[in-house]
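Chain nomenclature is as follows: A, B, C, D and E, assigned in order of appearance, with residue numbering initiated at 1 for each chain independently.
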Amino acid sequence: MQVQTGYLNKVDGSSHYENKSVKVICSVTGPIEPKARQELPTQLALEVTVRPAIGVPTTREITLQDKIRGVISPIICRYKYPRQLCQITLQILESGEEETLFNVKELIGCINSTVFALIDAAIAINSIAVGVSMAVMGDGTFIVDPSNEQLKKSVSTHALVFQLVDGSKVVENVLLLDSFGNFDESTLFEVLEYGEKHALSLAKDFRKTIETKIKKDLFM
Amino acid sequence: MPLSVAEKSYLYESLANTPSIRPDGRTPYQFRPVEVYTDFLPSSNGSSRIIASDGSECIVSVKCKVVDHTVDDDVFEIGIDIANERDDSLIVESITSLFNNVAQGIDKENLRLTKRYSFKIYLDVLVLSSFSYPVSLISFGIYTALNSTYLPKLISSFDDLEVEELPTFHDYDLIKLELKVPLVFVLAVVKDNIFVDPASNETEVADNGLIVSWTNGKIVAPIRTIALNDTFTKGFTPKLLQEGIKLIEKYANDIVRALEAL
Amino acid sequence: MSEVITIVKGKGSFQQTPLSNDSRYESDDEDVYMSDSEAQQNNEDLAKSQIVTPGELVTDDPIWMRGHGTYFLDNMTYSSVAGTVSRVNRLLSVTPLRGRYSPETGDHIVGRIAEVGNKRWKVDIGGKQHAVLMLGSVNLPGGILRRKSESDELQMRSFLKEGDLLNAEVQSLFQDGSASLHTRSLKYGKLRNGLFCQVPSSLIVRSKNHTHNLPGNVTIVLGVNGYIWLRKTSKMDLARDSPMAGSSGSANGPTGATSLNPTQNVSITRLEEESSWQIYSDENDPDISNSMRQTVTRYANVIKALAYCEIGITQERIISAYEASMAYPNIGSLIERENMEALGADIINAEKMRGNGV
Amino acid sequence: MAKDIEISTAEAQFIVGALKERYRLDGRSFDEFREVKIKFGNEYGDVMVEMGETKVHVRISCQVTQPYEDRPFEGLFLISTESTPMAGPQFENGTNTSGDEVLISRIIEKAIRRSGALDVEGLCIVAGSKCWAVRANVHFLNCDGGFIDASCIAVIAGLMHFKKPDITVHGEKVIVHPLDEREPVPLGILHIPICVTFSFFNPQDTEENIKGESNQEIAIIDATLKEELLRDGVLTVTLNKNREVVQVSKAGGLPMDALQLMECCHKAYSIIERITDQIINQIKEDYKEREKYKALLSSENARDAS
Amino acid sequence: MSRLEIYSPEGLRLDGRRWNELRKFDASINTHAHLSDGSSYLEQGNNKIFTLVKGPREPSQRSQLDQSKATLNVTVNITRFSKFERSKASHKNERRTLEIQTSLVRTFEKNLMLQNYPRTVIDIEIHVLQQDGGLVGSLINGITLACIDAGIAMYDYISGVSVGLYDTVPLLDINSLEENAMSCATLGVVGKTEKLSLLLVEDKIPLDRLENVLAIGIAGAHRIRDLMDQELRRHAQKRIANSSKK
């Protein structure tokens, strides 16, 4: 995983996220003055836009937007910003999967890059969200960050997002579980467990990236 | 711009009088003068521009195309465009539907070319401005535009069901299109009075409005009431409806004569 | 002529070319100009008033001060509009042929309330911008001498609301050319008992008096902005023309000049009386007769006919046109173009005759 | 636009004042085009172009579809440009009808699509029923001026870089071979249009511009965002190496002397020559880089085929 | 089409003009006094265009209010019947229409003295009844005339014309048949200067021919300016003669 924050300079926060074959740019603008219809009296309004690498946005992107909003909302301290707006725009450069069949890797890529962009924009968050994409193969093996070919051969795919607290050492909640394909209950729990472990190790990378960023910002 | 209360009551009382006193002194059956230009669009088969004395203006183009009516017998299409109104605005849609309704009254046989082919007429109306409900204006525009329409003369045979070829036309001979679309009139009701062609200040105070269509010496569909403003709309007695119809029956011929005399 | 409708075939410049019938011009041929006769006429007229068009050099003499309708670079003064050059003292300006009404201080205008705002009304006077009528610039019920209170601010709509017509005087102009109005005289205020009509403002000539009592018991308020109100003559209207008003000196007629001091015409007690709520009433007088309404209609049509013929509108012309219009017993026939033209021609001829007579 | 970016009067005066002294904020000369950085992604037709802080990403894609009824022998080619707040606060989601955005998309359209840079007849598979639809998605990432120039470079570089899957036609049936099965085919590029944008400033009064003879107007190449916001007029010239003017757009703005505009066109030519070469070379290098691995991987298959 | 000869060896064009001839140019102003503050009707060849100028007037929306100058809006209504073949869809929201509108606003923003009319809005409404090539140039001419009629202060005329390039011959003021058959440039020229407010080239023209095309375009635009000027003066004479009645 490679993340570069502050990739764009015309927005308040941004990140360029690359993980294997997924490449996403996220920008965060806010808190800004909302339009009248967007304004919420007590909390921050979120406008999430996902733009596909190819073609115009369809219902697929709208579904992605909704899922991202669902994950991001609980980690932002929204009551700190009443009557204000935060625009989150995601541009997918490479989806790493066949868009017509899957949206696991894109979804996870979007969520992870959004977290970085939010931190870059200095929007207050209460915890971080870490996403993991997984595929369960026919032989029962679990693959994290599967390739397009592996996705195609898999029996089920899973997008998992965990809310991490306490110095990102403890998993507090599952923010998103998005599974497709054939699997039974026990597999699902195994997937969750496996994903959780991976998320915790990923979180270390997250923190390292953020620490480097902050150090750089501080000593610039 | 709305009128003041005092203006409205003055107008209303004048119009409610017996006989009514219209703000420009017209009789109940008197229309405002109009000015008409025809046949000024060489790339259309017929055209007219009609300007009312208050500056309301509408332009009509007639274009036609040869179509296979055995495939599609919808040979008359009207598009209405009102300046400064969106195509999906209420007024554009309601007027378009009214005229589609009016077009039901035309005789499609007149557009028949051969057993297989017909002329398809595309009527495009552009209302540049209207200070009162523009349907009469549009209707006069359509009438004069069609009246100025000349179509190529057919030289191939009428019976072409077995023939594969498209109809052929004379190189320069044209024949006049004989297609009469009903005229549509707007009448306004104030108390016990009904009068034709209400001006903008009259529509502002009218209790109700009436749309009456007429062709070939008789009243035809559609006839409907129409709210001319949103403050004064009230019901009216059937007697007034009768009176309105009589008014049109009596004077519509004068209009046609004037339109034809151009 | 049909009594039902007149439909005429359009004439004028829509189809035929007014300019020239030969259809093409060569770009490298410099002498395509108007036919001789026209050119001659140009020269004659040019002598009277110099016509300039945008971008044209008006003068290269630096002595002139540059007024409206011009711009300059170094010594050169150019025209920015199409119109006639006017030189007043050392001020050079170009008067455009057309344009919206531009208010001047002291203008008597008729306006329509467009918006009720914070302590002010916005009034449509047919200008480039709405005029402003401040709450403090109107007479309020209870006399002009009382203070405006907060409750007045809250009930501004009960005095004047959107759509209401009023006549007023332009009190001052703002930097951007928009007008501030006042109605602090009894001859100004809400308009009732009549009919509104509108003509191009260029047809109204600024004069001392813009309210006239006309034959037939009709009073006209000829707004300088081209908005016109025709109404039944009221007692007030009559009082204004009564000798009493005249006694205070010929210059003190009901003109804009003395309008801030209405007590010369009306006693202070009358003023108190008139300043009651009634001045903002929406009710018309109950006794407007049919013949009165017909007279008002006839005047309205006569004015439209004058405007149609682009004849300047004055009290004298309205009256003489009104008299001439009696030849048409059917008032409705006055909306016909031929009749309007005939009426216009009558007026011009009558004036020529009179001119010759003198 | 959602929000106009405003420049304070003091800064505006400083920038324009500096221009009068022939200085630009970033130290460039008036005729200097920013360095163009072109990066290719993993896929064919994935291009990122950077000019200073301006970043534009283009992705070319294709699919088999039906040709237009009135053009049975041509494939489809579509350029879609949509901006989001990502590029800057002046852009809004969903509304691409502001003047600037319409002009950007129309100029790119005219420069590349209308000018026939892509051989659309080569996209025809079965006349009247099957053809390729090539799509260029332009993603505006960061706007620091010069969107048109950067997008145009990105789109044309993308088209040149892109390869479409090979196909086999059996009557009406079309078999599309995946990229790993058969070597994909490049698109037919008929010429390489490049846009150069000039921004004009009037250091004097409007009167001097209209009536004066001095022709003191300033023309700078490849303005940054701040310069764009302050300019009085703009000209975008599109040229190719065949010395053809592909498109010129000066949609109003400060009136400029025709000879000065001609001079701009000539200046633009030397720039487009350079950029064209850069694109061609970089694509060559990128292909070489890919071939290197491919040669290693496919040596076995090559033997099989023989 | 191939049968038609765009430019014959004798030097004649499809409609019989020579290379440097303008089409019939008939203009009139003040055609819609009831509807607008300024109006014009223009026939440039078979282009038939109404232009209405409304304002300067009070803005209906607060967002249109600019403290320092008038806000200029241009809407171009290209009717569905304006071409020989009736168009299937309305042109109102087409990108090309939006582009034309933006270009016209930007052309006239620099030429009208909008700073003289702060806090107002000027709406220009154009109806294209018929089009036959060189549309943008004709729109410019229509607006210039209508704005002058409205008495809106401007620095100078802007006149528009299109020039085609047939092989090496520039053809002035092209019609739609010519427009479809060759590359062309549209110019908006300020007064009698050589300054271009607008320049649009939408198809390929050899760089070394462009100057020649511009030169003939400028000459044509100057001629059009004179024709517009004549109409204005003619109209002015008439009005002044009339106003003696006042």
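Definition applied: contacts are C-beta pairs under 8 Å (C-beta built on N, C-alpha and C of every residue); 3 or more make two chains touch, one makes a residue touch a chain.
Since this is a predicted model, take the numbers as computed values, not measurements.
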Overlap of the chain A and chain E neighbour lists contains D
With one step meaning two chains touch, work out the least steps from chain A to chain B. 3
Using C-alpha centres only, name the chain that sits farthest from chain D. C
Higher C-beta contact count, C-E or A-D? C-E
Going by the average position of its CA atoms, which chain sits the greatest distance from chain A? C
Innermost chain by mean C-alpha position: E
Would you mind pulling out the distance in Å between where the CA atoms of chain A average out and where those of chain C do? 68
Whole-Å gap between the CA centroids of chain B and chain E: 33
Using the average of all C-alpha atoms in each chain as its centre, how far is it in Å between chain C and chain D? 57
Could you state the distance in Å from the CA-based centre of chain B to that of chain D? 51
Quick check: what residues of chain E touch more than one other chain, meaning two or more? 33, 155-156, 191
So which bits of chain D are touching at least two other chains? 207, 210-211
Could you run through all the chain pairs that touch each other? A-D, B-C, B-E, C-D, C-E, D-E
Given the complex, residues on chain E that touch chain B span 32-35, 46, 48, 50, 52, 77, 79-84, 86, 90, 92, 125, 127, 129-130, 132
Give every residue of chain B touching chain E within the complex, in rising order. 40-44, 54-55, 57, 59, 61, 63, 65, 79, 81, 83-84, 87, 122, 124, 126, 128-129
In the complex, chain D residues that touch chain C: 205, 207-208, 210-212
So, in the complex, the side of chain E touching chain C is made of residues 17-18, 20-28, 30-31, 33, 37-38, 41, 43, 55-58, 113, 117-120, 148-157, 172, 191-192, 216, 219-220, 222-223, 226-227, 229-237, 239-243, 245-246
List the residues on chain C that touch chain E in their complex, please. 12-14, 17-19, 23-28, 32-34, 38, 41-42, 45, 48-49, 51, 53-55, 69, 71, 78, 80-84, 96-100, 114, 122, 124, 128-130, 176, 178, 200, 203, 205, 309-312, 348
